[in-house]
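In what comes next, chain A is part of two complexes: it sits with chain B in the first one and with chain C in the second one.
Let's turn to the complex of A and B:
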């Protein structure tokens, strides 16, 4: 396994109280595997990604408990300097949603793609330059050599996201955390970035965690899916199982709530209500207040039930 | 109900003329929903702004129930404005955080009528009820509501004056998946109940197929394809529409995306391609596509493509 996370709890210490943003999740990513972390805003998927990189909000964010192992090495106990030197940008890299904010407008793209390579001692001097050109060519920036001196605004939105990907893969990371990498892009550009991520994985064997709210994007890229709700993983399994035979009522409701091409249902199946506050979450199943299959038992924490090889869901109905 | 005839909008900038909208024509039928779809920068929001009288067309006419909005006098324009309302994408930006919800919803009422306080309160409570919020919501501020509830407040405000046409600019794209269906179902319900006509702007094609009766696909300021939604989605005729539909990821792991559907990216409206504006990305382009702008062919399902037979 490239990544193994066990019982991760990430808290945000706010004035209003402690927000249990990630509340005891476990997951793993293998070599060359893409795991989709799917959920709505506030479900904790982005903070899970940031926890892996130890990029939590300064002051308020804290990993309260749990273990994160990269190739067997524990990361939660690593010093900040070791994390910056050996892990972040080197063995775990991240692609964020908006290429406009992850690129610095006042540096040339040659500079920005060189930075991680230089900082992590991957290449220097003339080899650095040729390595930068290689990486930019790999993400299909046309005539990369001539464009090293160009600035982010001279590229289109899709090309900017390719440049961000180039920065991430330059050091051949073991794990790539891609947080909504196509959400800011138009659909014809989105499909190009999906193809690029697939190509990067085929070329390098990197493990990918794809964080997304888009069930279509997740289906087209992921091998396995973990569905998050209110800080917890409610269901995890191989992509076909999750889409073809979802077991958790939340997964089922989510899949029923989205309009699909070619599907002429008159009415969408809305999920009533909204997610609970994570400052004072319900003790039992967190989806219970919105769940059509709610029982008395749901006031107690639900057991995790194994339904098939690698397919698990946390629900009393399945127990 | 609403008819656009050859509507064009150019912006003069220091770098040249931005041809944001170029000769766009379509009609929205009463009590139906027309969807404008296209990628960012295609001009769909500019079209909405012109309909809402926030921008003036450079050329062409926008007619509401047969009357050209350009020749309306002040009283007629005011009447037009009360019949045409808008709901915008981001309910965090479209509601004034310093005003109570009751005041926000009452604003259009006070701008157009001089009702008594009791009448205002009654109408505010009515529209809150229509959108599924309690009357007590009127005393609270926007930050006390979730995103989905805020969008309900924006819809309540748009409904306050009993409009006939609503312009919905990406009304659910800022909302979570589980909340989107609630708001879309609400919009469908009030359309039926009050006989509203909708013009919806959206980039989510599955949503458009589900929600609209007619659709106009816009590419770089021009209508590429238009017609009854069912026909356009079942048999897309323009290569751009075909590429768009092929590029939509489906919530189905067996679905194969056509990754080569549309190479490259949308050109700049500052310097749009000659001929058919889609030709640099079109896998089927031939010589005439580079030189001659295609006229729309076919009715009611029309496509502006040289390769489509009339």
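Let's turn to the complex of A and C:
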């Protein structure tokens, strides 16, 4: 396994109290595998990704418990300078959501793409330059050599996301965390970025964690899916099983909320209610207040039930 | 690029023309210069004769047109008081003024950039607090007082630096500090808030996620983004220092344009006032042009838009 996360708890210490943004999640990513982290806004997907890099909001964010192992090496106990030197950008890289703002507007892309390579001592001098051209060509930036001196505003949104990807894969990381990499792009460009991520994985064997709220994107790219709700993983399994036979009522509701072409229904099917506050979350199942299949037992923490090989869900209904 | 420069120069020429009208009219509202030149008991015939000699008996519009016509050929008339060409009087003193303003600006930037950056990085920490107090002190103390204080401490008590005069690099230190301390507060605030904005941006987050050392993030990748608002401010302050240095120039007996113009105002020495103000406004326009052009050096987006 490239990445093994066990019982990760990330807290945000706010004035209102301690917000349990990530509350005991466990997951793993194998070599060349893509895990989709799916859920609505505020479910803790992005903070899970940032926790892996230990890049939590300064002052308030803290990993309270749990273990994160990269190729067997524990990351939660590593010093911050070791994280910056050996892990961030070197063995775990992250792509952020908005390609329009993810590049520094006042530095040339040659400088920005070479920056991680230089900082992690991958290449210097003339080899650095040719390496940068290689990486940019790999992400299909046309005539990369001529464009090293160009600035981000001279590229389109899709190209910028490719350049961000080039920055991330330059050091051939073991794990790539892609946080909503296609959300800000239009559909035709989304397809290109998905194809690019697939190609990167095929070339380098990197594990990918794809954070998204878009079930379509997740379906097209992921091998496995983990569905997050209110800081917890409620269901995880192979992508086909999750879409064909979702077990958890939340996953079912999430899939039912996708409008399909030719649908006769007039109204979109939304999930009624709102996620609970994570400052003082309910002790039992967190989805219970919104759940159509709610039972009395749901006031107690739900058991994690194994349904088939690798398909698990945390729900009383399945117990 | 060339079109931009030409457009700005054209706009600048109009500003300078406007400044010349204003100063021409206002200086003449202050009274009759001849009264200052002759003894109190001079006969009216003598006064009339001098007025004719200087062309002061002509209609105001005609006087102005004559002034502009002569100015375009480099003739600003003779100083009533010093009996030498006003232009030479001003040009002789211009380098000293530019030197003082540049050193003052350098001092303020050298202080404001590190304080502003560190205040943003350690927001709410002790550097932030001390920096703010320090900068506020500068803004709360008028330049003449800072000047006197500096003279008292560094020239009189410690005897480290000369109290007044001009010539060696040591002479410029105290006046530059007196002139440059006031804008430190405003510049620090601009750098601090711009840095806070940048440090919170997505591209800095990405740089961190890719393991860029914090030192590089702050002093290279963030600082250049914060430079544009600072540059705008520097242009304004440099111009203000060129024109407003007369207090400091007076205290430190600095042979600059500001002091000369103020003295000329008191003696209603119109040619010197006109030449001085005109050259200050030319410098003002040029320094703003320089700032406009340097945006492009710092921010490639601006380079392309134009």
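FYI, the second predicted complex is superposed on the first by the 313 of 319 C-alpha atoms of A that agree within 3 Å, B and C clash if a C-alpha of one lies under 4 Å from a C-alpha of the other, contacts with A are read in each partner's own complex, and residues count from 1 in each chain.
Keep this in mind: contacts are C-beta pairs under 8 Å (C-beta built on N, C-alpha and C of every residue); 3 or more make two chains touch, one makes a residue touch a chain.
Worth saying up front: this structure is predicted, and the values here are computed from it rather than measured.
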item: Clash or fit, chain B versus chain C on superposed chain A; value: fit
item: Larger contact residue set on chain A - chain B or chain C; value: B
item: Chain B versus chain C as contact partner of A:121, first or second or both or neither; value: neither
item: Inter-chain angle, chain B to chain C through the CA centre of chain A, in degrees rounded to a multiple of 10; value: 70
item: Partner chain(s) touched by A:41 [first = chain B, second = chain C, both, neither]; value: first
item: Which of chain B and chain C A:151 touches, first, second, both or neither; value: second
item: Touched partner set for A:253, first chain B, second chain C, both or neither; value: first
item: First (chain B), second (chain C), both or neither touched by A:272; value: first
item: Chain B versus chain C - smallest C-alpha distance in the overlay, whole Å; value: 8
item: Chain C residues within the chain A interface of the complex; value: 201-214, 216, 221, 224-225, 298-301, 304
item: Residues of chain A touching chain B in the complex; value: 40-41, 156-159, 186-192, 194-195, 213-220, 239-240, 243-244, 253-255, 257-265, 267-272, 274
item: Chain A to chain C touching residues, read off their complex; value: 53, 55, 83-85, 87-90, 93-98, 101-108, 115-116, 119-120, 151, 153-154, 164, 167-168
item: Residues of chain B defined as touching chain A within the complex; value: 39-40, 146, 148, 176-182, 184-185, 188, 203-207, 209-211, 230, 233, 243-245, 247-255, 257-259, 261-262, 265-266, 281
